[in-house]
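Below, subunit A partners subunit B and then partners subunit C, in two separate complexes.
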Partner chain A sequence: MLNVTAKLLLRSTFHKSIQIRLVAATAEAHHEQILQSFRTPVTNPTEHNSDHLARLYSIPKEDKTVLFQHGGLPKIFATHIKTFNETCLMVREPALDIINCLKTIDYNKPVVRFVLYGQKGTGKSLSLAHIIHYAYLNDYLIVHVPWVGNWMRRPKDNSNSETKQGFMDLNIDAAAWLLHFKTQNAKLLKNPDLKISREIHWTKRETTPKDSTLTELIEHGINRIRFASNCINILAEEIKLLSCAGLCKTLVAIDGFNAFFYPKTRVFADRREIVPPNRITLTEGFLNLTKFDWKNAAVVVTVDELVIAAEDQTSHLPRYLLGKTGFEHLDPFIPVEVTGFSKKEHQSIMDYFRERKWIQPYQGIDEELYFLSNGNPFYLLDLVKSY
Partner chain B sequence: MAGINSLFKTKILLKPNTFSAIVQNGMAIFPSYYIEPIYKKEDQEALKKSGEISEYVHMPTKAALNSQTCSVSYDPILSLFTNYLMRKGQKELARNLVERSLEQVKRIQLERYHKCNSDEERAKIELNPKIIFHRAVENGKPLLQLMPVKRGGVKYQVPVPISEYKARFLSMNWLIEAGREKDRTKVRFWTQLARELVDASNNTGKVVRRKQELHKQCEANKAYAHYRWS
Partner chain C sequence: MLNLTRNLELSFRKIDKPLYKAYCNASQGKHDEFKALNIRNVKDHSHSKRSVKKTQVLPPRTNQMAVDQDWGSVWPGPRSFHPATVPLPIRQGYTEKGAPPPDKYANAELMKIPNFLHLTPPVIKRQCEALKQFCTPWPKALDTMEKINKHFPIEVTSSDYCYSGPSIRDPMARIVTLRFNLKSLNLDDRAKDKFLRLVGDRYNKETDLVTIVADRCPLRKQNMDYVMYLLTALYHESKKIEPWEELKSQADMEYYDWTKHASKTNVEDIFKCKFEEIPGIDKFSDAVSEYMNEGENEYTIKKYGEAVRTLLQLPFSKEITNKPL
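Entry: the complex of A and B
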């Protein structure tokens, strides 16, 4: 009897285009089956399994503001968040595989490196966002770089390094990143055990004493922008030491990692000479973090064509994008390919768009768009603009 | 030098008026007796069912345009608007601009939709960008236009009835001009056009005002109306 009434209710509400969640309470079992097969109520990525594949889950607002306040989500996706009034990610195979691995790997062994790769617009960054959400809820210390291209391709400023001859500092970007790191890990940084191992001399007068907390180190980097780049390198070392000591579990997530090995940056020295990434101070710290010589951590990086110059975007494979030095630096790693939408995923995203009123319910539109977009999520977003 | 001269001579020989035997239908490739193509699958099916297809089989037919498809998203009036918007043959750019402004229309309407508190208010908001576009064009169509007529050495602006085709053109052109009237650096064309489309669909905004101004002028010049025929 309840089922019948629930069905009737749902049918009538669907026509009146009332928000479906309002009646969810009356027909929990059914709304899951009939209308919302594309959505999952499980918002914790720890509980996601293969049953949730190709379904969308929404990131709670408070988590989103902590994790992605200073970037981390692609630009178009960020505008859609505002329009759709919620942040929804699809549970997809690559992210799920990595999350399962993160659950099972032995953290006493050297760090495992995962490399997400795939064609442009297939969802590498969003897979990374899913993994970061998992890490956040499982109390990992998150070292997340939203987009390395922002440093190598369009830096805010640059200046000669004071500590190292011939090196360049990107201090404003570095300070912004430190702020990003601080907001993402605000909960963990309250832990008083996270102390630095040595005294740091910035100048003759400024020092950070031994056993001061990580927060103090970060604050110093943010307040004295001159030292921000150096601060990141020191922070990287300290995080490694703390992880090895078992005081924290770390996830290093870097989007567009191959930019650290692409020689043509847009950082220029005094006489308009191009500064390669290995002569930028920031690079050192993050390369240090992606080495395998520490434990109690995991590394997930993405390699992306978009982070390098347009004329060199000829292949999406890691060997090409990382180059010889990059490949040897990461070797051995676990490659995880991110592919376009399968039929099922495409169907669920179209249902989602329809539920959010983003597209009109024309007939036969799903097949047409799958054919036109070739299963590429980014092309699909572009195509449904005027539908 | 002699070579160049001979070249010129051959050019003179090849002047188009020497081949005046071919009569052209304006700039058109197809002669005027060719019929318009029926490119929609549904239309073809309907013709097959009713048996009228036999009449069309041997008629000389124009080739369908590149942009005419049987996709569900195809809209002939929107396609016409794209062509009006196009400058210097940059069709891809024009199409992109139109698509983006429809996207913006959706964003504007969805923002309003999510702000509503009750379902009745939500039901009132139109979320289909194409319907909004059609409404905007319909609301911008003038009923009369002014035509200059010379009587006794003086030009009078005489109100005359307007054809459906011209009215649609004016409405669309005003929409495009309204989209261009904005801060050049801060606002994008598609954002401004989207705002104008939403406004015009609600019977407000620049385009509707312009239409009303034209009507007012026609009303003022009512006394000259007889110059149209006398």
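Entry: the complex of A and C
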């Protein structure tokens, strides 16, 4: 009797185990499907098209270290790179739109300007990062300013300009940017054709001779920090000349561009006077680069509320943020709106979080978080901390 | 001394007895009954009950009214509702559920509301007939509204008030309202702009009407003169060009004129030709003007973006994606 029952029990458990295995196998297959739906193996932005929309692609580690070693990704996103152990960007419409335009632009015509705008935390900077990655892989010379606000709102130091009366230099920031530029374009700067067109007299004794390479110019700016700001302006001019000559193709990407037109900076002159951006030496070079009077280049800038003082953050629209002068400087530009997540994008980012084990799966979490975050990626990232 | 007192006593006795009595404290010959104290307040039946006099109520007048009576003479003027005069079975008022509303007798609801029983159509007709003899015939040539507006562009409104009070004056009768079409002044663009700035919110953009109200003088005639003075002054002031008006700059412009802004020169520099020769420029200039004039919103930005894309011959965002939202 006991024997029989034991056998029966054994049999039943055996059957059960088979069932469990089967279930596990189907679940795995299902999991694979989900994997495919929110990730894309295409890591080259050149090949991205509307099929890859709302999917995540990961930037290869070596590209990431070249491009964003000295900033360029939002702070919280940068910490999550470490947490998730990879740099994943979502393929979204604004970036794809601009990349598509960059592919079709006639580079013999004057420069086309794009302006990314949108509410706080919707992903303007990351869209810019996507575009920069595209530019990097397509051998553009990248003139990338990670965040103009760092210069206008949080300058490391400042001093009176020696070359221009009444102007201010941001020495350390300028030198840091030159280093950023050098790392981003290390590959292209090896090209010996990139020479400067004129002799530059820094002081009586220091000169950079004609036909020396761009690298030498940059090195000089980094080593002699006093001339860093001026070096940027000269570099901007030289880049324009080289691009017009067809020696390089340039992408100018500036995050928080409207800071160049916002009068209330936190740069102070000797008597605690506020220095407006048009009195800061750096500004000239980057405004020069965003003009339309050159070719073989494209300009992508973002306008952001966060770059101006909190009391003036009343609208996220480009005309308000750029002001009259800024608008006239960029006009005609192509405004590209960055909106919050759509349902589909939200779904795929939630799948990604689950895959990275960043959130605990439980029923109805997606709808709840979509409702709570209102589709805003930044809020979402903040909210999922507690799940 | 003793004599004097006796004399006095004698003369007192001679005085009339009742008068003497009246001045005398002592009880008179016949002794009055001593009144008992009514502690329990028992009613005294000596008072008779007051009889209530009933007022005679006539039967309502409506009972005697003829069917073809002249209602205008029954109810000649405005008056609050009276149930006996109105021969209608009216009911009004709130009651508990199921019960009919109270009828017209002693119905405060009916008396509260204003009525127009004095303004029945036949009465109005009769009054109009009576007034006709004081009217002049309408000019035959003015048969359409356009003609009226053309020949009589100014419209003056004032109100008369009728009173049966101690004073027949009403302070509101002094107010004069002048109204006219701005178009009828035939002003040029500059003068029109100045006129509108002078007039302020008295101009209605939708109807193109200017309305000026004067009530500062005590009499209507004075207000009327003042209104006409204002109209004249406004007209001539807006035609006048002051030397400081030449200083009007871009920032003072009330609308965005694309041809006078940097946007135009930018586009001309990009294409290196006059803006008239650029294909797609109309759409662009319209979009920029709308962007600036209407203000910044999703719609104007989108339109601007599309215009720039057609101008610079770039692909539209829809061409890369068919994203289902």
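Just so we're on the same page, the second predicted complex is superposed on the first by the 352 of 387 C-alpha atoms of A that agree within 3 Å, B and C clash if a C-alpha of one lies under 4 Å from a C-alpha of the other, contacts with A are read in each partner's own complex, and residues count from 1 in each chain.
As a convention for this text, a residue touches a chain if its C-beta (ideal position, glycine included) is under 8 Å from a C-beta of that chain, and two chains touch if they have at least 3 such contacts.
Model, not experiment: these values are computed from the prediction.
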### Task
Mind checking the superposed model to see whether subunit B and subunit C fit together on subunit A or clash?
fit
### Task
Report for A:L96: first if it touches subunit B alone, second if subunit C alone, otherwise both or neither.
second
### Query
Touching A:Q165 in the superposition: subunit B (first), subunit C (second), both, neither?
neither
### Task
State whether subunit B or subunit C is in contact with more residues of subunit A in the superposed arrangement.
C
### Message
In the overlaid three-chain picture, which partner chain does A:S386 touch, first (subunit B) or second (subunit C), both, or neither?
### Response
first
### Task
Check the residue A:D293 against both partner chains and state whether it touches subunit B (first), subunit C (second), both, or neither.
second
## Note on the structure
When the two complexes are superposed, subunit B comes to within a least CA distance of subunit C, in Å, of 26
## Note on the structure
Going through subunit A, the residues touched by subunit B and also by subunit C turn out to be none
### Query
How about subunit A: which of its residues touch subunit B in the complex?
16-18, 79, 82-85, 356-358, 360, 362-365, 368, 385-387
### Query
Where on subunit B does subunit A make contact in their complex?
71-73, 98-100, 102-103, 106-107, 110-111, 113-114, 119, 122-123, 127-130
## Note on the structure
In their shared complex, subunit A is touched by residues of subunit C numbered 261-263, 266-267, 269-270, 284, 288, 291-292, 296-298, 301, 304-305, 308-309, 311-315, 317, 319-325
### Task
Flag every residue of subunit A that touches subunit C in the complex, lowest number first.
49-50, 53-54, 93, 96-97, 100-101, 104-106, 109-110, 112, 292-293, 315, 317-320, 328, 331-337, 342-344
